[in-house]
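The following pair of complexes shares a single chain, subunit A, combined with subunit B in the former and subunit C in the latter.
For the complex of A and B:
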């Protein structure tokens, strides 16, 4: 069976900085994969390469076996790659509903009534039902994050790229968004999920990838990946060290 | 009474100025391109109108029926090729490229169509008018042009706020990368915006050179581009109503300037417009209706 998304030895350089060093990866439908790594590891660039904002220097991106490396972001979106930005980028002068409607019509390829119905359903699902007619520029951070996800969902993705859903939110807020993500995954959508807040991630993903210096340095069950010496080393000195140590400790206890 | 007449004539002219300027404003608002060839494209539309009239023998005033779609299609392709290519090389490049385009258009027109002045024949209807009292005389065609200009601006406003493509244009103007992620091909949307810009400037060109002025290859940059800039600055960017307000202010001020100058100083017409333009820049840099952007 062909994987939904395949990266085949993707390399991307900005001058002398290598943000992706021959990365290969396969993700199947309904998979949910967390991605962690220190700042500047190339996480967001990886999403750029998958989503089409960035063109690799070499290598190939395939969606269901079909090469999409030469397609731009809008064409890839129409083929089923949805993406959210780390810092939400709503169309501030349009209402929340218009934001989502546009995504349903363009990315989702739906017309008229169908697109209106899809937009309304997505707003309901992401908890924005009461804000439909509010200009997006007036939303607070949590609602902007919801809208970012709503817009991605409206494009009817088969692969959802989530960049830092939980950043800047409180625990209950994060929990709400995680519930939405897992329900999306349950429908067979593959999810790639970058997150700094490890608690949100480790609780919901069966597979975790650690990216550092443009290379994958860990891939597997979260506790195992976080226990690996190479992974612990790149995280040393950052604010997540303590929670990592805690998780690694738990993993060790489970192993024992 | 003569002043009342001037103001009425200024308002009639102002609608046309607004129609000239709305394409310039739209292209800047959507793709952040300052199209320095905007005035020359109105002149190109006027030459296309002459060609259309010669080939089909339709009455001059009706030539816009063919000229506007021709220029709109041309605008789409101009955007998708030359302007898109320059956009990808940065904002300053678009300025240089449209400046170059302006020079190329003028030179080509001079080379192949001579520096002679032409007019678009508007038939007997062009001079038909009705009077109010003894001093106020309003041309039917002037009035129709004002009504058409306001209608076009209304339709455009409605299109941008309500239609599917209008929504896309607003989205792409706001954040083209985010629009890509929502599945919109921004290059196509830019093309549509350019088609609208050239369609409206073509309509304005045919009307202006039918009613108010002769044209030659150099009038586009020498006069029209300047007027369009003045309208946009006076009215304020980003609002079609601002553009209409700016057009009417410019039209009225020019008429008053012409009245003061009389036959001895015909240039007062242009001077008056430019003085108001400068005054607005100093006192209200965001224009009459412009939104002061803080972010």
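For the complex of A and C:
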């Protein structure tokens, strides 16, 4: 059986900087995979390569076995890849509803009343129902993060790329977002999830990938990945180390 | 009301759709449409009421409104900052000459010239399509200069010295002035209608999204290149029409005039001060431009100083132009191109809700999509207004 998303030896360089060094990865339908890594590891670039904002120097991206490497972000979205941006990019002079409606009509391919219904449903689901007619530029950070998610969901994705949706949010806010993400996964949508807030991630993903210097240096259950020497070395000397150790311990206890 | 909920749920099992009502603006805009019709009717009757000096001034105002509306579609929506629209102004003007030389009446030549300009726009778009921001601006200017160089090297079109349309005009001066005025009014109404329909249609959401963030628009599945090409060709047609009107109203076509980059400067000025990114803005801006021109145009340097000060003031204090100030203050939109999602509580009295899914509760998927009942009147429900 073909995986939903396959990366086949993807390489991307910016001058002498290698942000993806022959990356290969397979994600099945309904999988939820966390991605961690230090700053500059190439996490967001990886999403750019999957989503189509970036073209690789070599290698192939396949969606359900079909090569999409030469398609732009717009076409890939219509094939089922929805993404959010780490720094939210709302259409600021459009209302929240129009933001999501655009995604439902274009990415989701729905027309008229079906697109209205879908956009309204997505707003309800992401907790933006009361802000529907507010210009997106007036939203605060949490709502902007929700809008990123709402817009991606409105495109009816089969693969959802989440880029730090929990960054900068308080614990209860993170918990709300995690609830939404897991419910999306439960509907069979595959999720690739970059997060600096490790607590959000390790609690909700069965599989964690660690990216550093454009290479995958760990792939497996969160506790195992975070316990690997290579992964710990990458994070060594940062404040994350201690919390990593704690999380690895916690995860191990939960497993036991 | 509608039961779109059950249908949507049938097609998209992952979502339970609430009952929705969406209109294109919060308030009814019927009275606006009525005012617009009356206004156009009054303007159309004007040649019978006023001296030809007034109508020929209005022709110039209309021409600037057409140009500014086109530039607004390009820069205010499609994210294409062109300073090469004079290329299409020139093509339109010279196309009228060519058609006239071949025995076509100038007022028949007008729409043909617009068509020619639009056709020229297709290969030009192909050349420019990968460029954005300043690169697009410079490249569009270069293309316009190349078009000017080619056209003004043709000796049958008077080369650089220009060519008169006088031999091809068989009207009395009064009649010519009136018909030119009506032609300009027609092209203006068509240009505004085209812009409005573009923004109101499905591509309108994409265009508005591109205005705000082109990369995010692509990531949400927007066919950005397609709408940009459409807008570019429409703008070529519109600016060609403006050029054709210039040729007819001035009865003389000279390359250094019709291909002058100052046309781009004027359309940019009118759009910016009026309000970029709205249909209303360029109209207001063109009026303001001509008010200043008529009152200060004779003062030479002072005229330009005032223009400059206004442009700077708007750039600093009113980024969305004077119309932006008015629209935000009074929350009005003349052209309803948005989407208003009605809060459920405001939708309909409870008694008139048809039996079916209760708003807010999950809708069970029906056994088969075809079986979902559609009460009469549903077609009108969601889109009314």
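In this section, the second predicted complex is superposed on the first by the 248 of 256 C-alpha atoms of A that agree within 3 Å, B and C clash if a C-alpha of one lies under 4 Å from a C-alpha of the other, contacts with A are read in each partner's own complex, and residues count from 1 in each chain.
Following the convention adopted for this analysis, contacts are C-beta pairs under 8 Å (C-beta built on N, C-alpha and C of every residue); 3 or more make two chains touch, one makes a residue touch a chain.
Because the structure is a prediction, the values reported are computed rather than measured.
Subunit B and subunit C, once both complexes are superposed via subunit A, clash.
Once the two complexes are overlaid on the shared chain, A:132 sits against subunit C while remaining clear of subunit B.
With both structures placed on the common chain, the touch criterion links A:51 to subunit B and to subunit C. By the document's definition of touching, of the two partners only subunit C reaches A:187; subunit B does not.
Of the two partner chains, subunit C is the only one touched by A:122; subunit B is not. In the superposition on chain A, contact of A:146 is made with neither subunit B nor subunit C.
By the document's definition of touching, both partners, subunit B and subunit C, reach A:107. Looking at the shared chain after the overlay, A:97 reaches subunit C, while subunit B stays out of its contact range.
Only one of the stretches 5-13, 257-265, 347-355 or 365-373 belonging to subunit C overlaps subunit B in the superposed arrangement, and that stretch is 257-265. Counting contacts by the rule stated earlier, residues 51-53, 72-74, 77-78, 83, 85, 89-94, 98-99, 101-103, 105-109, 151-152, 154-155 of subunit A appear in both its interface with subunit B and its interface with subunit C. If you check the complex, the residues on subunit A that touch subunit B are 51-53, 72-75, 77-78, 82-83, 85, 89-94, 98-99, 101-103, 105-109, 151-152, 154-155. Those residues of subunit A lying in contact with subunit C across their complex are 51-53, 72-74, 77-78, 83, 85, 89-95, 97-99, 101-103, 105-109, 111-114, 116-125, 130, 132-133, 151-152, 154-156, 187-189.
Across the complex, subunit A is touched by residues 164, 167-168, 170-171, 174-175, 177-186 of subunit B. Residues 2, 4-5, 7-8, 11-12, 14-18, 20, 22, 26, 202, 205-206, 208-209, 211-213, 215-225, 277, 338-341, 343, 382-383 of subunit C touch subunit A in their complex.
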